[in-house]
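The following pair of complexes shares a single chain, chain A, combined with chain B in the former and chain C in the latter.
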Partner chain A sequence: MNHPVIEARGVTKQFGRREVLAGVDLTVPHGAVVGLVGTNGAGKSTFIKCLLGLLRPSGGTIRLLGEEPWTLSAEMKAHLGYVPQTVQLYPWMRVEQIIRYVAAFYPQWDAAWVDGLVRRWDLPKDHRVGPLSQGQLQKLALVLALGHRPGLLVLDEPVASLDPVARREFLRSLLELTADAEHTVLFSTHITSDLERVASHIAVLRNGRIALFDELDAVKDRVKRLRVASRADLPAHFAIRGALRTQVDGRNALVAVADLDDALVREVETNWQADVSVEDLNLEDIFLELHHD
Partner chain B sequence: MTKVPTPFATRLLAVWLSLRTRWLYGLFLYAFAIGMSGFALEIVRQRDQPPRLVHVLSFASGLKPNYTVGVRNVTSNDVAPVAARSLTAYTPLSDWRTSDQIATLPNLESVEMFTPASGDDLAWLATQPKLSSQSLLMTQNLLAVDLSRLSASQSLRHLRVLEAAGYRTEDAVAWPPNLEVLDLMGAHELPVRRLEELSRLPKLHTLAVRLNPRHPSSKLPEDAIAALTSFPALRNLYLLEMSHLYPDLASEAQRALPGLRVRPSTYDANRVSRLTAMCLVVSVWAAAVAVMLSPQFVAPQSLLLPGYRAPHVWMAVLILATGLAVVIGLLLVAGTDLLTALGLCGGTLTFVGLMIAFLGRIEPGLPGFTQPLMALPVFVFTVPVLMGFLWLSPGEVDWFLRGEKPWLSETLLVTGLVLTWDSGRWLTSLYRGVETAGRGGCPMAMLDFGGWKTWSLTINQSKRPSSWRYLLTGSEQRFDAVTSEPLHRAADRRRLWDAGTEITSRRAGLFMVLVSLVVFAGIFAWGNFVSGVEFEPEMLVGGLAYAAVMTIYLPAMFTYGRLPFFPMEVLRPVSRADWVADWFTMTAYDLLTPMAASVVASVLAAWLKQSSLPAIPYWPPICLLFCGVWLSIWGAELWLLTYRWAGIAVVVALLNMAGGMFAMSVSSSRFGWEAWMNSLPGVWTFAVASVLLGGCLLLGARRRWLTWELGA
Partner chain C sequence: MRIVTKPALNFEIHPSSGVPIYRQLMDQMRLLVASGRMTAGELVPSIRQLAEALEVNMMTVSKAYARLEADGVLERDRGVGMRVKAAATNGSVTQRQGELRPDAEQLAAHAWQLQLSDEQALSVVKTALKKRADVDG
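Entry: the complex of A and B
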C-alpha cells in the first residue's frame, strides 16, 4: 500500500456545544504500532470512533485504508479489527459459538491461530459469554479482533481489565501479528509500560489535538529532564527554551524539555552559570511532563 | 453538635424526587388523573339515565341483534348482493316468499321478524331444516294455536317471542321439542301453568321470563318456584326485574333456587362501560407503579443506606393507597357495592403483585428472556383479556358490581392483600435475596434490557436447557448449520445476522400466539360455562388475528435488544448500505409474518361469519391499505429505534393494543364493512394515504439508519 493507513486532517467533533476534538492531525504509516495516549476525557475513544465511521466528524477529513470511514467498503472492512473500550458480545452464545459466528463473516479467518490464542489465554470454550468476567470478555474480544489477522487493528484500551499474565500474552500476540511489518496497530492505553514494549510510535492527544506524534525512540531521545544546579539563587522568572515544566527551588531547578540537544545544555550552563545534568525519562514520566499544567 | 434528624415527610419528598424515571411516573399519574376525571364526568353525566335494557339473549343465546334482517346468509352467494340489500327489516315475510328469495336460502338458520307474523309463516318456517333460531317481535296477534305450529320444527333451538297474545292465555301451546333457549320476556306475567308446560321440554336450559312477586315482597310465588325446580335441564333463569318495585327480586330468587343461575334480564350498561374504562386506566397506572417499585430495592443502598427503606416503602404504600382510594371513591359514587369496590382494588393489587413478580423475579423461568420483555406481554395481554371478559359477559359483570358475588370480591381482596404483602416483603429484601443467591449484578433499571439479559444468563449458566426452550431459541444444530455455511449471497448474510439473535421475533410471536390460543379457548369455555355463549369458530380465529397483530411490536423490541451490538456489527465486512438493507429486509420479513397471519385469520373469521366479507371491487384497495399499514409500522419502528429510547417499548405496546382492538373489530365485523362497501373512493383514499405515509416513514428511517452515529 502506498497511502498511509490512517490520515486525519483537522478532525473536529462536537457533542452539542462541547468540543471534544479540536483539529486532530495524524498520519499513521503502514506497519506502525501507534500508542495513543491522553488523559481521561481527552477524546481518544471519540477519535477512534471517528476513524472507524462510528461517529461522524464535525469537521476535517479522515482516510482509513484509503477510503472515507463512513462509507468504508466491505473489502476494506475485511482488513479491519476493532476492540472497543466496553466490550459487547452476544451473551447467550458459548465462547466457541461466538468464535464460529464471527469467523463466518471473514473468508481469511485463521482458525488455527485462534485456537492457539484461546488455549494460551485460557478461555473456556463451552461457557456462555454472558457470565464471563470482564477480563475474560476482553480476551475474547481480542481473539475475535485478531482472528482474521487484520491489516489494521484498532484497540481502545484493550488491556484495562487484563491481569499481568494475560497482558503479557496479549503483547506477545501483538508482536506476533506485527512481526512481518504488514500489520498496523493503533491502540489507546494508560499503561505506558505496555506501550514501551510494543509501540513503534506514540501519539499524545491533549486538549483535542495531537500534542506529540513521533517514533517512540525519537520521543525518548528528545524529551528529557534537566537538573540545573546554579551557584546563585535562581530567579522566579527562570525559564528555558522549549521547557514543558519548570520547578525552581533556590539554586536548583528541574526542567523537562521537549526537544533537547547539546546546544540547549550549553546555553543553560552559560546563561545561568550552572551545572546541568540530563536525565532520561520513561514514557510515563514523559506523559506526566506533557500533561503538567 | 447534635444533628437534627430530617423530618420523615422531607425524606418522603426526597424519595419522590430521587425516583430514577419519575417523568414516567408523572406521565402515568397524569394519564391516570385525566382518565379518572373523564370517568368522574361520565358518572355525573350518566347518573340520571335509566339502566339500558339490553336483552338477555344478546349475551346468552348467540342471537345477532345487529342483523337487520334475520336471515342467515342473506349477503352471501345464496342471494344476489343487490337483491339482498334491497331487503329490509320491514320487508314482509310473505314478500320474501313471493319472490322466492327466501326459498333459495338453503342455509337459513335464523329469522327475526318485526312485522306481525301469521300462523302460516310460522308453519312454513318450521319446515326449514336448518332453522335453529327465531325471534318474533311485536307479534301481538299470534295465538296459542299459531305458536304451536312451530312445534313441527325439529331444528329450532332458540326462540324469542317479545309479545304474543297466545302464551298469556289458558290455551295450551305446543313448543318445539328441541328448544334450548326460550325468551318470553315481552310477556306480562307468565301463568304458572305455562311454566309447568315448559318444564316438559327436555333440553331447555335457558329461560327468560317475567314473574312478578307478590307485592310488597320481593319473593317469587311458591308455586312458580316449585314449577321452576321441575325443569329437567334448566340452568339459567333470567327474570325481568322491576327495580323500582322489587329491587331484590333476582337475589331473592337466586336464594330460593340455588340449583339455577338466576340473573336479572337487564343490566346497567353504563356501569359496565365505566368499569371497562376504569380497568384500562387502572391497569396502565398499576403497571407503571410495578415498573417503578423493583429498582428502588434492588440496589445495595436499599440495605446499606441508613433510613432508606422506610420512606421508600411508605412512598410505595402512599402511591398505591392514593390511587386505590380514588378508585374506591369513584366506584362507590357509580353505585358499586362496597365489598365489590374493595374486591376490585384487590384485583388491582393482584395485578401490581403479578407485574412485580414478573419484573423482578430472582429465578427467571425463561433463560435468556429478559424480565421486562416478559412483563410487557403480561400487561399487553392481561388488559385485553380483562376487556374480553367484560365484553363477553356484561350481565355477569353487572351482577358482580351489584355485590351479588361476594365470594369473588372477597377472593380478589384477600388475594390482592396477600400478594401485595408478600411482594412488599420480597421487595424490601430484594437486594439481600439477590446477593444471598449468589446472583449479584441484578440490573437497577427495569428498562436495561441488555443488563437483564446478561444477568439472566449468569444465573442460568449451570442450568440444563429444557427441550421446550428450543421453541423460542432454536436448536444449536441450526446455529451450527448457519455459521458453517460460506457467505455467498446477501441472504446467507441475513441468516447469519439472524443467528446473532437468540430468540427471533418470529419464534417469540409464534409462542405468544400459541399461548393466546390457549387463553382464548379458556375465555370461550368460561363464557360458555357462565353465560351460555356458544363457541363459534370465528371468535377463536378472530382472537388469533388479534394475537398475531399484537406481536408486531416484537421486531422493534428484539432489534432494540440488538442495538448494543450494532457498532461491532457495522464493522463486519459489509458496506453500511448493505448492512442497512439487511436489517430492513429482516425486519420487513419479521413484521410481515404476524401481519399476514393476522390478515389471513381476520379474513377467515369474516368468511366464517359469512356476512362480513367486502365485495370483490374492494379487495384491491383493502390489500393496498394493508400494504400501507405494513409500510407505516415498518418505517415507524425502524425510525424510532434510532433514537434508542427505551420508552419506545411502552409506546409500541400501547399502539399495538390499539392495533389488536382494530383486528378484533375487523374479525368480529364491528368494523362496519357495510359502510366501507358504500364508499369505494373512501377506501381508495385511505389506502393511498397509508401507502404514502408508509413510504415517507420508510424513506426517513432509511436515511436515519444511513447517517446513524452508532458510536454515540
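Entry: the complex of A and C
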C-alpha cells in the first residue's frame, strides 16, 4: 500500500455561515500514532467526521488509503475502527451480547485479545449496556473498536470520561495495537499528558487549520523557550526571528521559538548583548505558546 | 501487581518533561555506562521489553537505541540484540563532564538570581563535593 493512510488537502467545512474548518492539510503515514489537539470548538470532531465520511466537507479533498471517505468501500470500512465522542450502544443488550454481535461483522475479530481487554478493563460481562456509567460505556466502545485490530483507528476524545487507571490501560492497549508499526491511530484529545507517552506525531488544530504537524520528538527538540538577560534595557522593537511569543520586562525577555538552532542563540547573544539560556518545553507549554495571540 | 522486567528498573522516564522521551533514554543509558552500572558487552533490554516496561511507543525506544549506536555507546550483536560497546565504558573525562553540564548551568542560573559571586557559588559546590567524599569514605 503506497498511499498515505490519511491525506487531507485544503479541507473546509461550513455550517451555515460559520466556518469550522478553513483548509486542513494533513498527511498521516503508516504506523503513526497521531494526537490531534486543539481547544474546545477548534473543529477536531468535525474534521474526524469528514475523515470518516460521516460529514461531507464543503471543499478540499480527503483520501483514506486512496479512497474518498464519502463513498468508502465495504473492504475499507472493515479496516476502520471509530469511537465517537458520545457513545451510543443498544441499551437492552448485555455487554457479552454486544461484543458477540459486533464480532460477527468482522472475520478477523481477535476474540482472545478482546477477552483480555474486557478482563483488564473490569467490564461487567453480564450487565446490560443501558445502566453502564459514561466511563464504562466508553471502555466498551473502545473494546468494540479495537476487536478487529483495525488498520486505522480513529478516536474522538477517548479518555475524556476515563479514570486514571482506565486511562493507563487504554494507553497500554493502544501500544499493543501499534507495536507492529502497521496500525495507524488518530485520536483527538485536549489532555496533552496522555499523548506524550504514546503519540509518535502531534497535530495541532487551530483556527480551522493545522498549525503544527510533526513527530512529537522533533517538536520537543525544536520548540524551546529562550531566557534572555541583556546588559541594558531591551528596546521596544526587540524581536527574534521565528518567535511564537515574546515577553519583555526591562533587561530580561522570555521568547518561545518554533525552531531552535545554535546559530539563533549566538545571533541573539551578539545582537542584543545578552546571556541566553534555553529551556525545554513540554507539550502543554508548547500548546499554550501556540495559542497565545 | 505487575512485575516490571528488571533491566527496565534502571530507567525512569518523565513523559511530560520538555525533554523528548528518546533523549531521556539516551541520557540515562549514557549515565549507566559512564558510571559503570552497565559494563562493556552487557546486553541491554530489547526494544520491545523496554517499551512495554516503560509503557512508551516502541518507535521511541528504537530511536534512542539507533542514536546510541551511531554515537558508539551501543553496538548491535546480530541475532542477539544490543550490547554496551567496550570503548564506551567509563567514558572520557570530557564526556562525563558533559553529563554534568546541564546541572551546572542550572546552578549558575540560581547563583545569578541570588546575586552570589563566582567564588561564593563555587565554595558552596566545593562544600557539597567534600560532604560527598566524606560519605564515600
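In the analysis below, the second predicted complex is superposed on the first by the 293 of 293 C-alpha atoms of A that agree within 3 Å, B and C clash if a C-alpha of one lies under 4 Å from a C-alpha of the other, contacts with A are read in each partner's own complex, and residues count from 1 in each chain.
One rule holds for everything that comes next: a residue touches a chain if its C-beta (ideal position, glycine included) is under 8 Å from a C-beta of that chain, and two chains touch if they have at least 3 such contacts.
These numbers were taken from a predicted model, which means no experiment stands behind them.
When the two complexes are overlaid on chain A, chain B and chain C sit side by side with no clash.
Of the two partner chains, neither chain B nor chain C is touched by A:A42.
In the superposed pair of complexes, A:A179 makes contact with chain C only, with no contact to chain B.
When the two structures are aligned on the shared chain, A:L281 is found in touch with chain C, with no touch to chain B.
The superposition-derived angle at chain A (between chain B and chain C) is 150°, Cα centres, a multiple of 10.
By the touch criterion stated above, A:L152 is placed in contact with neither chain B nor chain C.
Within the superposed three-chain model, A:V24 lies out of touch with both chain B and chain C [touch as defined at top]. In the superposed pair of complexes, A:I210 makes contact with neither chain B nor chain C. In the superposition on chain A, contact of A:V198 is made with chain C only, not with chain B.
Within the superposed three-chain model, A:L54 lies in touch with chain B and out of touch with chain C [touch as defined at top].
The superposed arrangement places chain B and chain C with a least CA-CA distance of 28 Å.
Touching of chain A by both chain B and chain C, each in its own complex, is seen for no residue at all. Across the complex, chain B meets chain A through its residues 368, 450, 453-454, 456-458, 461, 473, 476, 479-480, 482-487, 496, 499-500, 502, 564-565, 567-568, 570-578, 707, 709-712. Listing the residues of chain C that touch chain A in their complex gives 15-23, 48, 51-52, 55-60, 63, 105, 109, 112. On chain A, the positions that touch chain B within their shared complex are 49, 52-56, 70-75, 77-78, 80, 82, 84, 88-93, 97, 100-107, 127-131.
Taken together, the chain A residues at the contact with chain C in this complex read 31, 33, 168, 171-172, 175, 178-179, 181, 192-193, 196-200, 216-217, 220-221, 224, 229, 277, 279-285.
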